[in-house]
Amino acid sequence: MNKGRVETFSDGIFAIAITLLVLTIALPNTADYNNLARQLGQRWPSLAAYVVSFLVIGIMWVNHHTIFTHLRAIDRGMFYCNLLLLMTIVFIPYPTEVFGEALRLGPGARTAAIFYSLAMTVNACMWSLLWLNASIGRRLLSPAFPESQRTISTIAFTAGTLAYGASIVVAVFFSPFVCLAFHGALALYYAFDPISRRVGRESAPSVKPGASMGQEPFEQRL
Amino acid sequence: MNKGRVETFSDGIFAIAITLLVLTIALPNTADYNNLARQLGQRWPSLAAYVVSFLVIGIMWVNHHTIFTHLRAIDRGMFYCNLLLLMTIVFIPYPTEVFGEALRLGPGARTAAIFYSLAMTVNACMWSLLWLNASIGRRLLSPAFPESQRTISTIAFTAGTLAYGASIVVAVFFSPFVCLAFHGALALYYAFDPISRRVGRESAPSVKPGASMGQEPFEQRL
Amino acid sequence: MNKGRVETFSDGIFAIAITLLVLTIALPNTADYNNLARQLGQRWPSLAAYVVSFLVIGIMWVNHHTIFTHLRAIDRGMFYCNLLLLMTIVFIPYPTEVFGEALRLGPGARTAAIFYSLAMTVNACMWSLLWLNASIGRRLLSPAFPESQRTISTIAFTAGTLAYGASIVVAVFFSPFVCLAFHGALALYYAFDPISRRVGRESAPSVKPGASMGQEPFEQRL
Amino acid sequence: MNKGRVETFSDGIFAIAITLLVLTIALPNTADYNNLARQLGQRWPSLAAYVVSFLVIGIMWVNHHTIFTHLRAIDRGMFYCNLLLLMTIVFIPYPTEVFGEALRLGPGARTAAIFYSLAMTVNACMWSLLWLNASIGRRLLSPAFPESQRTISTIAFTAGTLAYGASIVVAVFFSPFVCLAFHGALALYYAFDPISRRVGRESAPSVKPGASMGQEPFEQRL
């Protein structure tokens, strides 16, 4: 399989899934545009869910990009792991819409929080699956990828799955708003994750920053 | 015609069609969010139809990619065959939504199963048309593509059309759920199809990687 | 301006607009799934409108591709002409949906046919504008583009605008179904247009067919 | 981070957001297709809002392209600034739909105008953030970017934020239609902005085409 085309296909799906999120914000009821300001104000939970899911998918895109940079090839098994992962990412707008609506309406908010957390946990499992499929026995890893880093990454993906599993517990025992904030905090944690940043620097020591930037197809940093 | 741009255009359409599938899962009724858990649970057929159609389109993408790898050129006739094929792929979300809804609601489930199977059969016919248009008399085939493989592929595409035709029969005589499972099984069969895998290896060994057939610079084969 | 990026941006918009057409086929009423077969059957005009608009946008993509192949550069004015053209292409799903619905429902069918034809005529005007902006005084044309061909193309674009203008007359004086068929015939005419095919051959004489196919970024046929 | 892939990801999101705008034009009520012409005529404000937002996003795409041309690299901070910017661009169809509907319905029009202007102002702030994050201390600017130009650009982005802020004032004190026209005028101003055109010429002449700044092979400047 052509790694470049699988990346482009995945990038396209990421871009569309993240854009479809705008459709998850329920439109105001046209029969009550006299109270448009109040209607828009009441939709802030949908906007908050939109922001959280947007950050989540955006950060996943970076993650996906990073993993694929470290692969020396894609085989059929890897393609299907990637397809399953994309299936759970494309699904995200659905629980996002349900969560935002439930937070606005009141009833069903706890159920929606659990549903959202569950969808994210399944997604986290798919990330672990993708990573393990590529990295066990260094099956598809690029030779330049350091062995020490492999263990750290495996632990990080497992921890991610547990963190998203914990969000289900948060959804059950705490307020649904706390659960949404928990997901936002997880996204921010991954955005600023010091481990992945240190690793990025450790594993790319001989590349002069800036010099190799912006070349279109050959850019490959390890 | 520029083969690369036709591929990119097709890839974009695949990516969007597969992502629009998330819109086929009917949202819960906002008037009954008190029973959100039950509502979400009742929508499992829509989720199942989403999963099946997602796998189907994902696997078609691989197929499309493989066929185009073996072409030495695209002409106007081939472009229109490809356009007709894409027309049937872009259509898939529609029968998917109808099928998922009908399975949840009960009435119309058999009709919806026949409709879904019919749409897939028309799609399979377009695949055969695309293949025959490219391969008859080796019109557009790359010289590296082995003649023995051409016959096998023609048989495989014909068999695929028959298999999807059989899904109409399954829809008529068996339960609609069996029909959906049949489509899932067909998708899995194509995902792990041993013939296409052997063929891929047979027809590729003598090709110097990177040297032929218009692959992008990153072409990396396992 | 970077010609390659404008092309990619336009290709993306074409791909999305053509895929959104699937959303123009009205879903069956869930309250009446007992009559699903009849409901689906009644939606054939929406399916026909989908097919016609799909072909129209697909053929426009080829056209767009051809024009851009003959340009040596894109400037700001050309970018905005292109943006106006894309605006009328992105709009196509709207009249398509209205036309399909009106043909099914009966009332409003003539109005919808006029509306659809009007949208296509405005689109045809934008094609002429794009062409004239590029070709007057050979402003942006590639030097290899033959002068004789320039006049023929200008006539062809003007004729296209008149043909789409004639579709408004058809919508007013004939049945709306005839109008839809007229649009389908126009699409087929452009798909098999002998003039543009001869021209393509005339202006690309020194390029060996097949040999230069499939190279990704450098493909440029004149 | 790979600058090329961030650009492609952003381009995809721009293309999808601009195409989803067609979904913001409310469809005619199917129960009243007898008055289809009148219904379509009443929707002109939605069409006007569609045109304005389409131009706005299209011009933003040019802007984005220009900024990225002048960057020598993308780091993590820049990626997240870009993600926040994209979040506000993807959001645009929502206020566009609300604005178009409110202008048609009457009540809520002033609120919708303020909401639209507010969304655009937040967007303008994100543009300033993106620019400042790249340009302060020339952190990510390409060495070829002239220092004199840096100050001019910072002033231009600040002025843009103030201009969109002014649109909120227009929405409060003038008619909502005037506010929409004001946004259209701002878009046209940016489309023909003489400063950015002069700047583009000033900062480009000494750059050897093809040699610098990560442009794809086809970079062709007039």
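The letters A, B, C and D name the chains in turn, as written, and every chain counts its residues from 1.
In the analysis below, a contact is a pair of C-beta atoms (placed from the backbone, for glycine too) under 8 Å apart; a residue touches a chain by one contact, two chains touch by 3 or more.
Values in this document were obtained by computation on a predicted structure and should not be read as measured data.
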Task: Count of contact steps on the shortest path from subunit B to subunit D - done: 2
Open item on the list: Same residues or different residues where subunit C meets subunit D? The copies count as same if more than half of the interface numbers are shared.
Closed with: different
- [ ] Determine the centre-to-centre distance between subunit B and subunit C, using the mean Cα coordinates as centres, and give it in whole Å.
- [x] 26
Task: Rounded Å distance, subunit A centre to subunit B centre (Cα mean) - done: 26
Open item on the list: Give me the residue numbers in subunit D that touch at least two other chains, ranges are fine.
Closed with: 8, 12, 16, 20, 23, 216-217
Open item on the list: Touching residues of subunit D toward subunit C in the complex: what are they?
Closed with: 7-8, 11-12, 14-16, 18-23, 25, 27-28, 30, 33-37, 40, 50-51, 54-55, 58, 61-62, 65, 69, 191, 197, 215-222
TODO: Name, in rising order, each residue of subunit C that touches subunit D in their complex.
DONE: 1-5, 8-9, 12-13, 16-17, 20, 23, 26, 72-76, 79-80, 83, 86-87, 90-91, 93-94, 97-98, 101-102, 105-108, 111-112, 115, 217-218
